[in-house]
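Two complexes, one shared chain (chain A), two partners (chain B, chain C).
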Partner chain A sequence: MNRLRNGRYPLSLTAGLVILGLIALLVAGAPLLAPHDPLEQKAAERLEKPSASHLLGTDRFGRDVLSRTLHGGSMTLGASVLALASALAIGLLAGLVAGMFHRTWVDVVLMRIIDTLMAFPFMVLAIVIAALFGTGFIHLLIAIVSVWWVAFARLTRSVVLQLKSETSIAAAQVLGAGTTVILMRELLPRAMSPVLILATFELGSLILTLSALSFLGLGAQPPSPEWGSMLADGRDHFLQAPHILLGPTLFIVMTVLAFNLIGEGLRDRLDPYERAKL
Partner chain B sequence: MVYVLVRKLLAAVLTLFCATLILFVLTRLSPGDPVKVLLGRSAEVAMSDTAAYQQKADELRSQWGLDQSVTDQYLRWVTGLLKLDLGNSMHTGRPVSTEIAERLPATALLAVAALLLQLVLGLVFGALSAISAGKWSDHVIRWICVALASIPVFVIGLVFLLWFAVRLGVYEISSEASLSRLWLPAVTLGLIGAPQIIRVVRANMLAELGQLYVQSALARGLALRLIIRQVMRSTLLPVLTMASLSLAALISGAVVVESIFAWPGIGKYALDSILLKDYPVIQGYAFVMVTAVILINLLTEAVYSILDPRIRRKGVATSESTA
Partner chain C sequence: MTFHTRSLILLLLATILVAGCGNNAPAEHPQEAASGNVQQQEQELIIAGQEIAASLDPVQPLTSSYLRLAGAAEALFQVNSDGQIEPSLAEGAEEIDANTWEIKLRPGVQFWSGASVDAAAVIASLERSKAQDLQAQPFLSDLTFTALDELTIQVKTAGEHLPVPLNLSYYQTVIHNAEASHDTVETMDMTGMYRVVEFVPKQRLVLEINENYWGDAPTISRVVYEEISDGQTRALSALSGRTHVALNIPVTSLPEFTGSDAVDIVAAPVANSQTIYLNLNQPQLQDVRVRQALSWAIDREELVLLAAEGQSVPISTWLSSNPDYAEARDAVYDRVNQERAGQLLDEAGWLAGDDGLRAKDGKVLSIRLMTWGGDKALGEALQNYWSQIGIQAQVQHGDYSLIETARESGDWDASIEAWNTFGDTYTLLAGQYSPEGSANYGSYEDEQTVALLEEMRTETDAEAKRELALQVNTRVAEQAPVIALFPRPHLTAVSSQLEGFKEHFRQFENVVKADLSLGTARAN
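Up next is the complex of A and B:
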């Protein structure tokens, strides 16, 4: 209980959760809240400035930017969460196995793969995959997951190595617990807290990376409303009509901010020592 | 120490080797046939020309070594890499290595300028934040960092472009690399990476300020200025790691900024090559990027092991606090 009271920035956690809740409400309620059809094109209302009927203006096809932003959120956020969950699962498993079988060939091979992937910057791998397999949202997500799990694997492995020397693990072994039981019952639960803190931050940076890659035209292809593809779409007209990027940008910034604040708050609460480190 | 360095060098070579394997496998797995990409699909060729098409395709296949076995192809590619031969661009027909070498300086210049800015911002504001920990200036810096870390690079880039090039007209929109055009992309990139460095500097300084020697120096009445200088010195080592990570990220992450400001670096080159389906360029670009990252890491580890006596002896970084 002391930990809860000692939280130095309870504000960041609350603020992050409130922002995230608001965004989730807006995105989930898109069909009810959106004033227009996100796909309806009106040639007469192209690139209109924000007005009473189009609060965030219209894009180059006369589509309502606000409606598109609200509708696009579910795809962007859903895909980001899915990508992160996959990376988390792969990373957690690889990290547990590598840590458990430390000093065996399993660990050596896994670490070799991890070291190699660490040398591949996201942008580079995304560009390679887009060039070889074609641009598209799915390809982009595959590129992201195939590199992103490494961060989780490394963290999990180091936590496992640290925990392995503890008496409780030795006690479990003495009591005859098998490798699987030790992994699942002893190591996994205790590795979760630092990994989840990392995941909150990583989700924010994953959304940022996803949007940057989409902005470069490597992501979802029009006309589906997705924040990243809206950015790519509005890019050419940005200098004449800057408002068309306002909607998706605002939502991306707020979402990432929310995750960063939550991560910040969680770290302070769950792991008081980390504060001194980071 | 030599032993440690040799071991690191071997590890780096091994990583590079694994990276070439991954790149090669990825290229082999790709559904597109480079011959068809260059010649157009066989179905699109007039019936009378099928024989000629086939002949030309076979010629290209043997010229690129695509008719050999997979292992031969890999060996051929890797021996080429060792001779700095990255193949020829399918679009321009010029050697990829030459085309990349022409564009590398622009990217390097941008990345180094951005890194310098990050370091200056990081050291100044990180130290400021650590010294005034808990006070309002520390809070302001931390909140600005959190906010800045939430903004996508391209948003800052586009806003800068709109403001400085369109509204104020002080920035020239063109596609040339010149020193007068460097500052805006460099500031954009520098601002994005600054929060991380500020955090690391702050955290390490705080940890150092809590050390017993600092307390005792304070108790003995040593001037705060001298203590801070001492603390800064031991903070610099973790910052070096951060800077090298940052440089690696900058070289590849420059793609977005290069694209926005039409800065003719290799990121933009690779991006343009995606649409052209220029496989040798993409492969070469990836290889150069991975090599650069590995080299930067190796160099950092070398410098580290020279500076830090603990690593010099054991070959293991004990300071995990740099995360």
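Up next is the complex of A and C:
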């Protein structure tokens, strides 16, 4: 409690980590925890209300909603983390290079690419990719990563530009450190904090976007369970069997909330100005 | 709570407040337009459909069906709700001999432009459809038209006793001014009681009364037909009173209409077959045993429940959705038989591996089923049946244009579509199963089927022709280039405000009639 009061572990960070930990545990343990096969169809048990045998009821095919929600999480969360990691890697690299070679053609070209991507409607891009290459999670990830790295690149570049003017970098240059050394040893570690904070916020948005695209039929294809596509399928029976929507909705909301709390906590913890307030 | 979070909440509250204070002008608010003051002189009928034409030209695929549905287009004949042929732009037809018909046109009929609908104009229209609309060819390719005088057309038929009036009742044969350019609202030229005044492709079609209409003038002055592609949203639009007629209501929405006095559900029996079309150019589907296995594996009884909410009946042959051929419903695949399916695949050399998947020569037996519209659940159920017999089944759900594109490129295994089975059986069967049939998507070519079709074409005795139709139907089911599942349920939500709406087994092309009127809604 003293640590909490001292601001070393902000409450939001702790709460976010606890919620995320619980969700991760449930999702990772789906093969053991799920009471039924998420793909098994039982027409005789379709649209059953929550009961002891089906805690969240069944969908139109008689599949257990709880089992599908738990198994669906691995696809939603796994894909989100994978997309974020890819976007983060590309964004960091692009930002570092653009910042390091500020006002050279490299910087100009990268910035114009970023400007173009930021101006392009993401949903349209995702639909174009789906139309060209077909629907499915891989193509969806390609669409997401191709746009999502931009935010990280811009942030990294601005951090690098700020750091470049510091004496420590000038000292490293005077001592003969090469560009790569300065990038990897001086700039990258110090750029990581703000970028990681942004990443936690972005992960929440990413999950929502993935779910939205799956809801539109651009993501996971049947019969794979995925939170967004489960919502889309359950919508047909919304008035008749609202319990179908309960599981995926709850997990999406809690996951996004967890990441937002973690992001807020990390910012409080790592941002010197916010830390001063605490 | 941070400043950022507080700002977001404040912004949200402000947005709700602003939205709540918004002033929607009544004239621009569709809900009020639909359910508002019925005493007003300018009545507007609002129809919501799953799709709307991408073009105004009636020779473009399906465009003529939308134009006919909305009261803009007419054919020479029409089919009433009892299935009887009635004259429309034609005054009557007479069979002169086994190969000749004479059609008398209605005098004084004009296109919207004022041009006369005479024999020459009608023949030009039909010839244009025959030349440019693939879907019109099954009805027109065997007919040769000659103008005997200004209002009389002689029709010579390639076969004997062809049902010419029936062929000329299909929406693909609507009469349009062949000399007009059908690119824009201003230049298109049809004959219907309503003329198109506004068209936004894939969004809406707005029509107003054609003052020079030859028949009874409609009561409702304006018709708006709009696309609401999502079935659930269409259902809600009907329940909320936003639309007077909502077509293709999903069967899953039926419970929402229970107890509603403001909206009636019309579920006229339809003659069409929800069918899986297989691409016989794909190596794994060239073996008839694989195709038969796909059909044996399907539990049609259960499928009707899972994919049609029990609002249909199982059929295993294509023609049997037509009530006249109902006896053929279980003529071939009378029950689900996964054991038989497995045996057939074993015989075909597709053996199950340790992972349960069947493979031959190192290649896994896979099938990609393309679905669209409200058929996603159907695809998922079929995927489950096929997976159970060791087939790696994938469902690709998307827009119909994806299926069209895939068919053009040949990159498809299976897709789902429902075709009408009512009408001249030879024309329908030839369109589906003759090598040059416009709906023979999978390139099915079978000597016995072709021979039976030829026999049917020349047969003049009605009973013998019917027997041949049943033989073709059975032969096709055995060869399984397509797999019939069940008649697609057609549910239409109709506002109780709307008077004069008639159930029709071809509802999708028989919505707007002259005697429709908007009255007062029943109390809920």
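Here is the rule we go by: the second predicted complex is superposed on the first by the 264 of 278 C-alpha atoms of A that agree within 3 Å, B and C clash if a C-alpha of one lies under 4 Å from a C-alpha of the other, contacts with A are read in each partner's own complex, and residues count from 1 in each chain.
What we mean here is this: a contact is a pair of C-beta atoms (placed from the backbone, for glycine too) under 8 Å apart; a residue touches a chain by one contact, two chains touch by 3 or more.
The structure displayed is predicted, hence computed values, not measured ones.
Applying the stated contact rule after C-alpha superposition, one finds that A:V128 touches chain B and leaves chain C untouched. Residue contacts after overlaying the shared chain place A:S211 against chain B, while chain C stays out of touching range. Looking at the shared chain after the overlay, A:I19 reaches neither chain B nor chain C.
Annotation for chain A, partner touching more residues between chain B and chain C: B. Once the two complexes are overlaid on the shared chain, A:H237 sits against chain C while remaining clear of chain B. By the touch criterion stated above, A:Q41 is placed in contact with chain C alone, chain B being left untouched.
Within the superposed three-chain model, A:F120 lies in touch with chain B and out of touch with chain C [touch as defined at top]. Of the two partner chains placed around the shared chain by superposition, chain C is the only one that A:F61 touches, whereas chain B remains out of contact.
In the superposed model, A:L163 lies in contact with neither chain B nor chain C. Of the two partner chains placed by the overlay, chain B and chain C both lie in contact with A:E264.
Counting contacts as defined above, chain A residues 130-131, 134-135, 235, 238-239, 264 meet chain B in one complex and chain C in the other. Residues 39, 41, 43, 46, 60-61, 130-131, 134-135, 217, 221-223, 233, 235-240, 264 of chain A are the ones touching chain C in the complex.
Remark: chain C residues 2, 5, 231-232, 250, 252-253, 255-256, 302, 305-306, 376-377, 379-381, 383-384, 394-398, 402 touch chain A in the complex.
For chain B in complex with chain A, the residues that touch the partner chain are 11, 14-16, 18-19, 22-23, 26-27, 29-32, 146-147, 149-155, 158, 161-162, 166, 199-200, 203, 206-207, 210, 248-249, 251-253, 255-256, 259, 267, 270-271, 273-274, 277-279, 282-283, 285-286, 289-290, 293-294, 297, 320-321, 323. Residue ranges on chain A touching chain B, taken from their complex, read 12, 112-113, 115-116, 119-125, 127-135, 158, 204, 208, 211-212, 215-216, 218, 231, 235, 238-239, 242, 245, 249, 252-254, 256-257, 260-261, 264, 276-278.
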